[in-house]
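Across the two complexes that follow, chain A remains constant while its partner is chain B and subsequently chain C.
For the complex of A and B:
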């Protein structure tokens, strides 16, 4: 492989899933904050919760479609985010070198990572677990609040609230770094490919162990 | 709370339940429990209660997952102050459903029957006991006798003893204040079908301030402060109805001391939750109390009064009375099991011989609870003249008073999560 080669990091089904997830989650986050703060009049609040419900249904269908249509991708993603080594701990000690790079314009040594760095793994775990909790709790709060024992409904509401806030905070970091790493951003939202040299720098273990030349 | 109300009379508390907008999530759960559609506010928006449509049953309050509905009337401090005022005899009118629920806030298992402990705790607090079961016995004699009169009038053309008007059949029970207000605000043409008998709470209040004042407590009725202790939020509304000043009127008619301000038969009402709060404020642990007696004639009662707290209880008690009065014989078996259980509408036919007329009669009765789900077809049949029933018991709350809006709030119900959580003890 040469430096001018590209690596397909995000196949089509991943990009479609991610795009719908991004749009639906951003919608859910904004409408969820409005529902929490209640700043609007009655009819507007009703519209907001209707948008929230529709976005929630879209996110659910997106997750289910990805689960069933790209099950291998789900398995690979799950395996990758739940696979840890000593390098992950070391990565956290320098936070991937990003603060030094962004704030001090300094480059520090970063432990070699696989396809996902340690921060992305942590985010991935929260997206997997938290996203599942949000979907299940959201459906329960929408459809069954009068049937589920209300102590449980209240607890489900609290889980929905706190998981939402955690994921929104993660999302802010994810958005910033996603835009900061413009090649990865373009890959995820456009063509799926990242430059070889970029992958070799940020994900050397992935390039070394999992990538092979095709064509 | 400044919205003008149209369905309340002067003196009546205009709505016992309100919604705290801070806690409301707009989830609509409460609307699914409201029997009258009184809860407004679109899905997602903060909900409100239309007080003119509200019957104060409190079902929204005990079923909201987020604790948004609350009671607008809280007289716990007032009662505590009266208990500390030695001029007053403070009489607790304790409903049957309270004694199987008030143990819960003191850590006893749900459903524990704590009549003796409750008497002990309340007497320690300074109350005298006027058990509502005693008044329920009075109610059933009134209501059962009224039913027999209506039935004999309809079947045999019997006239009223004193020439008064006799109400139509079917006769509806009138113990449930939420049901009575439901009829008044939704089906006013049915009012003549309601039994003219007061509820046990109101009979107890009147009796305590008349017979009780003269023969039992031997005090001026103005200095008897009657406190309904009820599983029900609508009882707070009922006690405020202006017609319930019988004791005051009775004292006036007999030329007794004329009070400056007319006093009600029942001065205030505490729910089961309120009672638990009051006892805790007074540092009385009901669970640790020894069993005590009621201490007065007003704590004597029969099993008929006791079963008022469940759906079917009033009907079963009424049938026992009706049977004895109509046939002149005691029942070989007291239980009428057809009217027990949690089916939404229960019905039964009872064949008996009216000893006075020497004729066999078949009484058809029905028992309805959870009026949100079950009452409208029954009412429509009565209005259309096609109802097969002679006597219909109605209780607003699902299961009857035992599941009233004033009972301890059971957060977990039959949840498996609720059973597991105690395993993870934390502090």
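For the complex of A and C:
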């Protein structure tokens, strides 16, 4: 392949969805931590709650819009993150070669991956399941606490809290690696395309099995 | 008029997901999304369960009680006859009646 070849990795609808998701989830994470720690005065805490709610509504609308307008992408993403092979286990044994590369400046052999590596698949599963739980539990806590039985409200609050912490911890790793892999970062936030050679190195199975030339 | 050249040369194959896979995975997603909605509906329908159970218990206690009205209770009758005089007397007001205290602040 020539050096100038590019693959469209993230179509427009995915980029728009991801951008709104990133902005709303970061807002939700920061305001959520403030609500959990309660470091501010009452008036400021009330403002934080309102920001949290607005960001939650934005994230919900974003998720619903993507679900209905790009259902095929949702199905494709679900299939990819729930498809495992022996390579995924091997990937975890070397953690994708990132610690060796970042800390020791060494390149180790990494098993061939598809569009998403094993770590991204794990993150994807947590985003799918955890994100859904967060949205549903958030709405229940916001709109129905006076109707739902006390025990159930308490259980929903606990689920909301623990899932939030898990996703926030995952997000920190996702943010770091997203910025570290600058080509993918630019593809997701700007133009959607990545160099063919880069994709062939990081996602050889994706390039081999799922890619076709246009025109 | 020439078509504008796209800034990429490759895309994902539209045939990477078969129709069968699409229907199965899509169906599972929709079914899983329906589960919490069904649970929420069930929780809302049964939200008065505790109140109804308590009401039922009180009625059962009432049915099985030998003395079902307070003025037929010999202990109460004796209390008024020998000590308090009559209902709403000064002594019974002082001993049996209570006052309202707002404890909402203690909850927060």
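The rule is simple: the second predicted complex is superposed on the first by the 213 of 215 C-alpha atoms of A that agree within 3 Å, B and C clash if a C-alpha of one lies under 4 Å from a C-alpha of the other, contacts with A are read in each partner's own complex, and residues count from 1 in each chain.
Here is the rule we go by: contacts are C-beta pairs under 8 Å (C-beta built on N, C-alpha and C of every residue); 3 or more make two chains touch, one makes a residue touch a chain.
Not measured: the values here are computed from a predicted model.
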Chain A as common anchor, with chain B and chain C clashing or fitting: clash
Which superposed partner A:43 touches (first chain B, second chain C, both, neither): first
Touching partner for A:35 - first (chain B), second (chain C), both, neither: first
First (chain B), second (chain C), both or neither touched by A:157: first
Partner chain in contact with A:149 - chain B first, chain C second, else both or neither: both
Superposition-derived comparison: chain B or chain C, residues of chain A touched: C
Chain C-contacting residues of chain A that also contact chain B: 148-149, 152
Chain B residues touching chain A - in the complex, by the definition given at the top: 21, 25-29, 32-33, 41-46, 63-67, 410-415, 417-418
Chain A residues touching chain B - in the complex, by the definition given at the top: 35, 38, 41-43, 45-46, 48-50, 52, 141, 145-146, 148-155, 157
Complex interface listing, chain A residues touching chain C: 5-8, 71-72, 74-76, 78-79, 132-133, 136, 140, 144, 147-149, 152, 191-193, 196, 209-215
Residue ranges of chain C touching chain A (in the complex, touch as defined): 6-13, 16-17, 21-22, 25-26, 28-29, 32-33, 36, 40, 43-44, 46-47, 49-50
